[in-house]
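See structure below.
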Amino acid sequence: MTLQTNSAERVRTSFDKQGMLRAIGATLTDVQPGSVTIELQPGPANRQQHGYVHAGAVSAIADTAAGYAAQTLMPEGRTVLTTEFKINLLAPAVGDRLVATGEVIKAGRTLTVAQAKVYALSGENRRLVALLSATLIAVDHVED
Amino acid sequence: MTLQTNSAERVRTSFDKQGMLRAIGATLTDVQPGSVTIELQPGPANRQQHGYVHAGAVSAIADTAAGYAAQTLMPEGRTVLTTEFKINLLAPAVGDRLVATGEVIKAGRTLTVAQAKVYALSGENRRLVALLSATLIAVDHVED
Amino acid sequence: MTLQTNSAERVRTSFDKQGMLRAIGATLTDVQPGSVTIELQPGPANRQQHGYVHAGAVSAIADTAAGYAAQTLMPEGRTVLTTEFKINLLAPAVGDRLVATGEVIKAGRTLTVAQAKVYALSGENRRLVALLSATLIAVDHVED
Amino acid sequence: MTLQTNSAERVRTSFDKQGMLRAIGATLTDVQPGSVTIELQPGPANRQQHGYVHAGAVSAIADTAAGYAAQTLMPEGRTVLTTEFKINLLAPAVGDRLVATGEVIKAGRTLTVAQAKVYALSGENRRLVALLSATLIAVDHVED
């Protein structure tokens, strides 16, 4: 089993323990070295008062995609925690589903910076609805 | 009925329609002109893989508190949407409960800037776990 | 004369009035619709205490590149002001010169979101040293 | 000589080496443990094209005030670098002078989060023009 497979395995195992992401209906759809994709089905558990997907849910999938993208580049025994993120909400998050892809911009021993883009898909259309940048700090792996 | 009561009423009515906040276990505990407080009970529906409250849940209550703080200062028929926020996660979000208070920093006709602080309460202790700043844009009220 | 030429002209005329950018040694090197590049020669007027280019100077060229990128897409009589930006400083800003390119991510009637990347060039090497995202608001053009 | 005096001394010595801050006309006016104030006289070397103080100059004094506030709490032999900051520009930066005060929000061994507020003073009036939050990383002191 290669390191990358191990890394993807660790991301999948970790994702399955994320109670909140399950509660809001997110699924992990792709794990590559330095890039992770998470999808969300709009529904009652992730809506705000106007019927759009809540900014908190958009942020949750974007931040998680960015964090796991960073995680894929960590050596064994190391995990990451988000220390900060900023998100620009570009358009109302409505559509058949949301797709958040996180990409590592700069991997470091202590700090990693990653970015995520969230698209809303409606039929054939794809629209960028959010742009996130995050700083992740590497810490010794506890149990996740 | 005064304007402020109206405004608090509108915030409460709107909050009750927020499916996601209900799904993750958030409650609206205080509404003042320019200041709103939301609480969260840590539990399975808001945890991440290490057992802390998920950054997405911390962000959701912080962003919502900031947004409603801005909403309280809006004239009737106007509501707000978050255009961006940044959050610094200062310490793991663990405790008996989380308390997010949003405050308006600068109210404007088009844009309002608000801040939120999230504290984790454990017994007698109170610890600042997150600091958020957000920009809200005023839009014509649809139905919330 | 095309609209785009007009727009590039307006950006160049505006840039020449930027006292601060001149003071720190920045030059405007490229203006395309939705994309603007600004360069900076490291020197005494833009250094911090360790001899690197000051984060404030890196931010100034990144924010300006993002802002002018937004400006190129504005109709005549409208200009933009930065309402917020966030910058991740990825590596010490050292090199022969810094190159900041701003690109529009989402153009809107009221708000535009743009991003800028700053590279440090040293001989043949190019290294990403900063990533910025900004919100710009369109306002009626006074005199710039 | 007390630790605090040492710390204030180190901040003052470091500030004097900041070529850029000198170039744009900034002065260090107060250093307390966890809090630092920097002032700026609006003038040709810090203006943008509309005659306001350039967002880059506002950011430079705000980021520097936040960074030095963090620096005052560092043990000897350790210094800080800004890893990211976000600034909300709340009003045009015009006035007799700008006053930026940085305050530590959470001091840590590796990361410190600080905030800065920038006020514009005009005669008797004081107006909040910018709000910044920053993450600083502690590194071994080279020579500053």
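Per-chain residue numbering starts at 1, and chain names A, B, C and D are given in the order in which the chains are listed.
Methods note: contacts are C-beta pairs under 8 Å (C-beta built on N, C-alpha and C of every residue); 3 or more make two chains touch, one makes a residue touch a chain.
From a predicted model like this one, the values you see are computed outputs, not experimental measurements.
Q: When contacts are scored as defined above, which chain pair ends up with more C-beta pairs, A-D or B-D?
A: More C-beta contacts join the chains of B-D.
Q: What's the farthest chain from subunit D if centres are computed as the mean of the Cα atoms?
A: Chain centre farthest from subunit D's centre: A.
Q: Quick one: subunit A and subunit D, Cα centre-to-centre, how many Å?
A: So the centroids are 33 Å from each other.
Q: Let me have the rounded angstrom distance from the C-alpha centre of subunit B over to the C-alpha centre of subunit D, please.
A: Computed from C-alpha means, the inter-chain centre distance equals 29 Å.
Q: Would you give the residues of subunit C that are in contact with at least 2 other chains, written as numbers and ranges?
A: 83-84, 86, 88, 113, 135
Q: Which part of subunit C faces subunit B closely enough to touch in the complex?
A: Result: residues 83-84, 86, 110-111, 113, 135, 137 of subunit C touch subunit B.
Q: Touching residues of subunit A toward subunit C in the complex: what are they?
A: That would be residues 86, 88, 90-91, 105-106, 113, 115, 128, 131, 133, 135 of subunit A.
Q: Can you name the residues of subunit D that touch subunit C in the complex?
A: Answer in residue numbers: 14-15, 17-21, 23-24, 43-50, 53-57, 59-61, 63-64, 81-89, 92, 142-144.
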